[in-house]
Amino acid sequence: MLTILFLFLLFSSTPFSANAAVQDFCVADPTLPEGPAGYSCKKPASVTVKDFTFSGFEKAGNTSNIIKAAVTPAFAAQFPGVNGLGISAARLDLAPGGVIPLHTHPGGSELLVVTEGCIQAGFISSANTLYYEILAEGDAMVFPQGLLHFQINVGDGNAVAIVSFSSPSPGLQITPIALFGSKNFPSSIIEKITFLDDAQVKKLKGVLGGTG
Amino acid sequence: MLTILFLFLLFSSTPFSANAAVQDFCVADPTLPEGPAGYSCKKPASVTVKDFTFSGFEKAGNTSNIIKAAVTPAFAAQFPGVNGLGISAARLDLAPGGVIPLHTHPGGSELLVVTEGCIQAGFISSANTLYYEILAEGDAMVFPQGLLHFQINVGDGNAVAIVSFSSPSPGLQITPIALFGSKNFPSSIIEKITFLDDAQVKKLKGVLGGTG
Amino acid sequence: MLTILFLFLLFSSTPFSANAAVQDFCVADPTLPEGPAGYSCKKPASVTVKDFTFSGFEKAGNTSNIIKAAVTPAFAAQFPGVNGLGISAARLDLAPGGVIPLHTHPGGSELLVVTEGCIQAGFISSANTLYYEILAEGDAMVFPQGLLHFQINVGDGNAVAIVSFSSPSPGLQITPIALFGSKNFPSSIIEKITFLDDAQVKKLKGVLGGTG
Amino acid sequence: MLTILFLFLLFSSTPFSANAAVQDFCVADPTLPEGPAGYSCKKPASVTVKDFTFSGFEKAGNTSNIIKAAVTPAFAAQFPGVNGLGISAARLDLAPGGVIPLHTHPGGSELLVVTEGCIQAGFISSANTLYYEILAEGDAMVFPQGLLHFQINVGDGNAVAIVSFSSPSPGLQITPIALFGSKNFPSSIIEKITFLDDAQVKKLKGVLGGTG
Amino acid sequence: MLTILFLFLLFSSTPFSANAAVQDFCVADPTLPEGPAGYSCKKPASVTVKDFTFSGFEKAGNTSNIIKAAVTPAFAAQFPGVNGLGISAARLDLAPGGVIPLHTHPGGSELLVVTEGCIQAGFISSANTLYYEILAEGDAMVFPQGLLHFQINVGDGNAVAIVSFSSPSPGLQITPIALFGSKNFPSSIIEKITFLDDAQVKKLKGVLGGTG
Amino acid sequence: MLTILFLFLLFSSTPFSANAAVQDFCVADPTLPEGPAGYSCKKPASVTVKDFTFSGFEKAGNTSNIIKAAVTPAFAAQFPGVNGLGISAARLDLAPGGVIPLHTHPGGSELLVVTEGCIQAGFISSANTLYYEILAEGDAMVFPQGLLHFQINVGDGNAVAIVSFSSPSPGLQITPIALFGSKNFPSSIIEKITFLDDAQVKKLKGVLGGTG
């Protein structure tokens, strides 16, 4: 058979043709060591279409929280098939008045598409210029890698967006949580590096659970 | 003012601080030369939030064609703000029975999220294994870079998907159009490299406009 | 001794100087986990010059098959020394009338040098333009990453080419084998995504071993 | 002459051997278009050793400002020779009590070496863990790409550090200046995305020059 | 026509669809600015198959020189089609006794395939280990990026090799020519940094044309 | 608590949230396999601030050797926190008359900052042009990846420099040690590839410990 013949010719000099084929993709196997380029790969023989599909976006995330918002990620940690492919996604849900607070993705750029409702989104450049816009259903916006950005539901109903990232593990660092939600972060240091008043810092630590 | 002071300190040794700031992003300027890494950058002073937003996804693409489908791209050529950021997107519309034929994206991986209807999608690996699945609204699937894949509307109504790519210019090569829609592509060569019959090749050239 | 002194100074603060030195290269060890960047590295102490040499190109591949052609790869799976180095190679043999059918390399660009005979080679761009040429001994041609291309022996005798790739594991997806040689690929889907007739699809599945 | 001979052989088939040689480096020419990979290159013939040297680190930066600190960058905009080489540097000066406020470098990681005095430095991970340490002269610390970090002079005298970056244009986004020093950034939005009180926001805008 | 229809749909939102298509490749246009990623791209409309083919390997290079060897490069400067594709090639000719002296390629790894004769080739690792082998016709060897290596014709007749590189512009720095063939390189410095005797340095400068 | 809530939302679909967070950094664990992109990562739970700090630069290296110089590296092998971050550093100490001999870094570019004394530094381009300069305290110079370069103390006292690299494992290949300090490197080959006299080669092998 030509197929067999080809594969034979192609891999006849190696005992691990299956490994060679895995180079098409590298489905994450979290039980193996992780490296700078991502997770180690599952053996191709055990890869199935389920590794390349993700079903977490069907239903809204739980927005019963103080930001009235939810992030449902499909990063390599949740969606093994994207490991090594330079892409991932997430679903954003914002109830009326909901906010995704100021944050950055250390590892990648973000492209947001509004699929329901109305979102005010923006980012700040290194030159301290604010770029922001009100986005309706079907509008898209891109947030360059590593820059501070935010999303706010400015409509009357729920807002939903599908966001994608230029990395399988873009990371998510929410500025106020990093400052006021971390453990053992002395308020005196927070105040020095942010110019905030002591009362303000302590108030927000109370809300967000920070200590130190 | 501290802001001014900082920017002064930061760029005091250069006459072009604005250029330095552009390093946050590189909005495509198609009037300047293009390079292997993408389009040249617009001068930061002329960049506005409009460069980072895209409005082409609001309405369905025109599916009144033989594949009953439409692709609306937001690549660097249509969405200048994604230039250099390693990401882009597109909207897929498939009328009942619509099909995105067998194709590849030479420059990147694709992540698809179904936002309406029901799509059967799949890809073929280098090891000649087919990975395919029927995706409902909210389901996602990833297609590794450069591999043959397809999408078919298998529902009763319209199907819509938001797809993103790991490149600002992933490219799109539709196999049957490359074969049967190209100009001056001798049928004798097509037959040799595909094993297809002469009658089949000539029939499809007639449909898809190929010559030679 | 200065040598010793240098190495001592260079690695005195680490217990694993040998590991540090491996950063020059990363010879594939297929018994260890594989990651998105390639195979894990052999311990430097067990690396020999044999890991950096490959002897599979001396003799012609077996062209006694229906395409009258053979591909002998020296990818990371066959040539461990290229792992992580962004390069690999292969030998192509085409008997008179031999053909390397329509194919892509998902992971890299290809540079072909004819070392014997006369080969007609070409690729198709995303803009559906065919670029093809007849190459004599000593002629070279480059095929950009991920684009459909082919090679045909148009001479009277055997043709041989040395090809190199911009990846240690470029992959090889032969379009007609992906379509007609895969297992469990329903003909109804193949027909929808290629516009081919049912009879044509079934005929080629019979030749190439596809099922479903 | 062998030299001439070699260069002749090496570039005999091109009319622009000088351009070929520039591939060793790409000294920034800010008068030409900029692309995603950096500035365009000066013509090799006009490159001199001055392009590869930088003299801005001899003297302390001016710390007569409210943060009692100064940053003297040697990025591609100030040091053309680093363009395209994946590295750049800066000198930090902190008077007693001086602070480099909370900031990120969107484009690269930072490696700091204290050359004088005593600096308390730290960063916060995406998992909201604070990693911080007091660094004496000769101590080094690395800050992973895109993560929030800071430096504080905790000694009695001046503190100086040489920092390097994994990018020729790493960028610098100082969180409080981005928030309170930007033009036309509505306080109502700042409050929503940071949880800060209105009075706090307006107070810091007054100090840092923000409007809107 | 479907082809037209597709291209229309694909690029209907941009006035420069031709530019978008160039993303498949970026044929070097040396008359435009060069950047860190390579040469600027020719306009797709003026690209022809000639840009993707190279004919300089048909005939042997001129080995009538003191090293009895010749290098015929097909780098981006000589072969515009490889620009941006991460690959290039060269032909090596070595007359009996011919030598490619000690050299490095700053920008890429090399893969050598002997097509005629018998070549002794080797490289030295950072750990000061020599890896060398005698290669017969059809043998291949890889030289990791940036490491010192060499090739010697140890057969009775001519030797020829096709070499490929993991960069379109790998560069070539021949150590003895860099030392003894450069202009204005003071012998006193050469002696300090190489431990060579003054007489040896001056003798070789005489042979290789160095001054200073 | 919002923090907990966020982390829960963020990682609720995965059993290994800690692994996901490691994507901020990948601290080297030399006990696990190494890959082309670097060392495997320590489990985040066991990472401490000590992994991100390095204390080897406080004191001068030992310059009691024939080059009167010392290199103290902080590469990934010595400084685990830089693994995967594209940066590393080293301290250079040169006693009066001290020299860092001709060398290359196969894996990265170098940026040198003089912190004490006076250093003459230079590199040679592929076009055989020498770029060199005398650097005083506070002066910086960049050496493009893979090119031959050197540093000489031309002052009356000690000289010290902090150097950084665009790679966590740039490598260091000292040309005279590679030639005259390697084991089993036949003098006859060294002479052929360098044009050096037999006496000179044997003399330096005696000094630098080479054999063969």
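Side notes on the structure shown:
We just call them A, B, C, D, E and F in the order they show up, numbering each chain from 1.
Methods note: a contact is a pair of C-beta atoms (placed from the backbone, for glycine too) under 8 Å apart; a residue touches a chain by one contact, two chains touch by 3 or more.
Composition by chain, UniProt nomenclature: A, B, C, D, E, F = Germin protein.
For clarity, every value in this text was computed on a predicted model and none was experimentally measured.
Here the chain-to-chain distance from chain D (Germin protein) to chain F (Germin protein), counted in touching steps, is 1.
Common neighbours of chain C (Germin protein) and chain E (Germin protein) under the contact definition above: B, F. For the pair chain A (Germin protein) and chain D (Germin protein), the fraction of shared interface numbers is greater than half, so the two copies use mostly the same residues to meet. One finds 34 Å separating the Cα centroids of chain A (Germin protein) and chain C (Germin protein). Note on chain placement: the centre of chain B (Germin protein) and the centre of chain F (Germin protein) lie 41 Å apart, centres being C-alpha means.
Centroid to centroid, with C-alpha atoms defining each point, chain A (Germin protein) and chain B (Germin protein) lie 21 Å apart.
In chain A (Germin protein), the positions touching at least two other chains are 3, 21, 23-24, 33, 35-37, 39, 106-107, 122, 125-126, 128, 132, 144-145, 147, 171-172, 177, 181, 207-208. Shown are all chain pairs that touch, namely A-B, A-C, A-D, A-F, B-C, B-D, B-E, C-E, C-F, D-E, D-F, E-F. Taken together, the chain A (Germin protein) residues at the contact with chain B (Germin protein) in this complex read 3, 7, 18, 21, 23-25, 44, 48-49, 52-55, 57-59, 74, 79, 81-82, 85-89, 108-111, 113, 115, 122-123, 125-128, 131-133, 135-145, 147, 162, 164-166.
Contact residues of chain D (Germin protein) toward chain E (Germin protein) in the complex are 1-6, 9-11, 13-17, 19-20, 22-24, 26, 29, 32-33, 35-41, 83-84. Within the complex formed with chain F (Germin protein), the residues of chain A (Germin protein) that make contact are 30, 33-37, 39, 56, 61-62, 65-67, 70-73, 75-78, 106-107, 169, 171-172, 174, 177, 181, 207-209. The residues of chain D (Germin protein) lying in touch with chain A (Germin protein) in their complex are 99, 101-102, 104-107, 120, 122, 124-126, 128-130, 132, 144-148, 150, 152, 171-173, 175-185, 189, 192-197, 200, 203-204, 207-208, 212.
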